[in-house]
């Protein structure tokens, strides 16, 4: 049983890592439009990337609520 | 045997649903380029979406024929 | 053992074919931006496609080296 | 029970694709919160996406029959 | 027999990618039918895509050897 | 050992996504070689992409807790 719990945790971790890759890709494409000219994110790019993930989660919550209220 | 027929039908249905998602995504990206300002498709957007799927199927038929005639 | 070697070779071949599809798709999107007006690639498009794959491999090598040198 | 799973999978895929497409449609530059304009856009976009999904469903089933 | 399946899978993947890329290349705004211009564009695009696929095949095999 | 495999898979996925995004960011029109500008851009882009990945990791773990 401990083994199966361990396996489940590892699967969840892999899923979480996969999501991090997917969202990094998505927010990179949204926020970084110019070729790199310096080796670090500008403060504008940095906040765009943080906001991108948070607003994506907000959008997802709104959509789930609309579906649950059968408003679509 | 009935069970396996049932399983096959369900698999086909799942495949069909997956295609509907894929084509909705594709035709949405082609036809909807401006942020939403009203809660329903304009008549232009609506016909673009219907035509999008039909012309995609036409394109697919043409490509299959070209491959079969070894014209590529 | 011969059978498993054969199976491995076939798997590698399928993987290679899949990569060819993936890279053709990627370099097509990068190099072909105008609707087709003739039935063959212009010399510019042709060299763009060859260069695209080679520069992609160069980029990949650079990234692998940066990761190995822990420079990221 | 399996049938339900398929239906659930279908709604879940719709939610995912709808979220992604309406996020891209409405949130061009992500800021510190969703303002009223953003929320209106997302809600309208969600209705429009569902309409598009219904059109594609019907048209696809018609085309698949022939 | 399995070898054939791989070959079939390969052609089928080519048809799918070719259809998608040439649809996007030629049909900017989908209308009520494919007119002659659309058909010419798709046929020319299909030949060009196959050329690109051949170039990538050759170049990839050369690069993969090193 | 499996744990290591997960970690290796994670780095390998990062390398793939980083390569694709920085290739697209830096190499607009592929030419006969990577010149110094291209190389600088790729190296800087790679650092920036890793920063973005770290931000998303932290923010995602915070959001997933709630």
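Order of writing sets the chain letters: A, B, C, D, E and F. Residues in each chain are counted from 1.
Criterion: a contact is a pair of C-beta atoms (placed from the backbone, for glycine too) under 8 Å apart; a residue touches a chain by one contact, two chains touch by 3 or more.
Bear in mind that the values here come from a model prediction, so they are computed numbers and not experimental data.
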* **Number of steps on the shortest touching-chain route linking subunit A and subunit F** => 1
* Minimum number of chain-to-chain touching steps separating subunit B from subunit F -> 3
* Between the pairs A-D and C-E, the one where more C-beta pairs touch -> C-E
* So, what's the distance in Å between the C-alpha centres of subunit D and subunit C? -> 33
* What is the distance, in whole Å, between the centres of subunit B and subunit E, each centre taken as the mean of its C-alpha atoms? -> 18
* Just curious, how far off is subunit E from subunit D if you go by their C-alpha centres, in Å? -> 29
* To do: Check each residue of subunit B and list the ones that touch at least two other chains.
  => 27, 31, 54
* Please set out, as single numbers or ranges, the residues of subunit E touching at least two other chains. => 14, 22, 26, 42-43, 47
* Structure fact -> The ring order, beginning with subunit B and continuing to subunit D, is B, D, A, F, C, E
* Which of the residues in subunit C end up touching subunit E in this complex? -> 10, 13-14, 16-21, 23-25, 27-29, 31-32, 35-41, 45-46, 49-50, 53-54, 57
* Structure fact -> Per the touch rule, the subunit D residues reaching subunit A in their complex are 11, 14-15, 18-20, 22-24, 26-27, 29-34, 38-39, 42-43, 46-47, 50
* Structure fact -> subunit F partner, complex, touching residues on subunit C are 26-27, 30-31, 47-48, 51-52, 54-56, 58-60, 62-64, 66-67, 71-72
* Structure fact -> Contacts from subunit D onto subunit B in the complex sit at residues 2-3, 6, 9-10, 13-14, 17, 21-22, 25-26, 28, 41, 43-45, 47-49, 51-53, 55-57, 59-61, 63-64
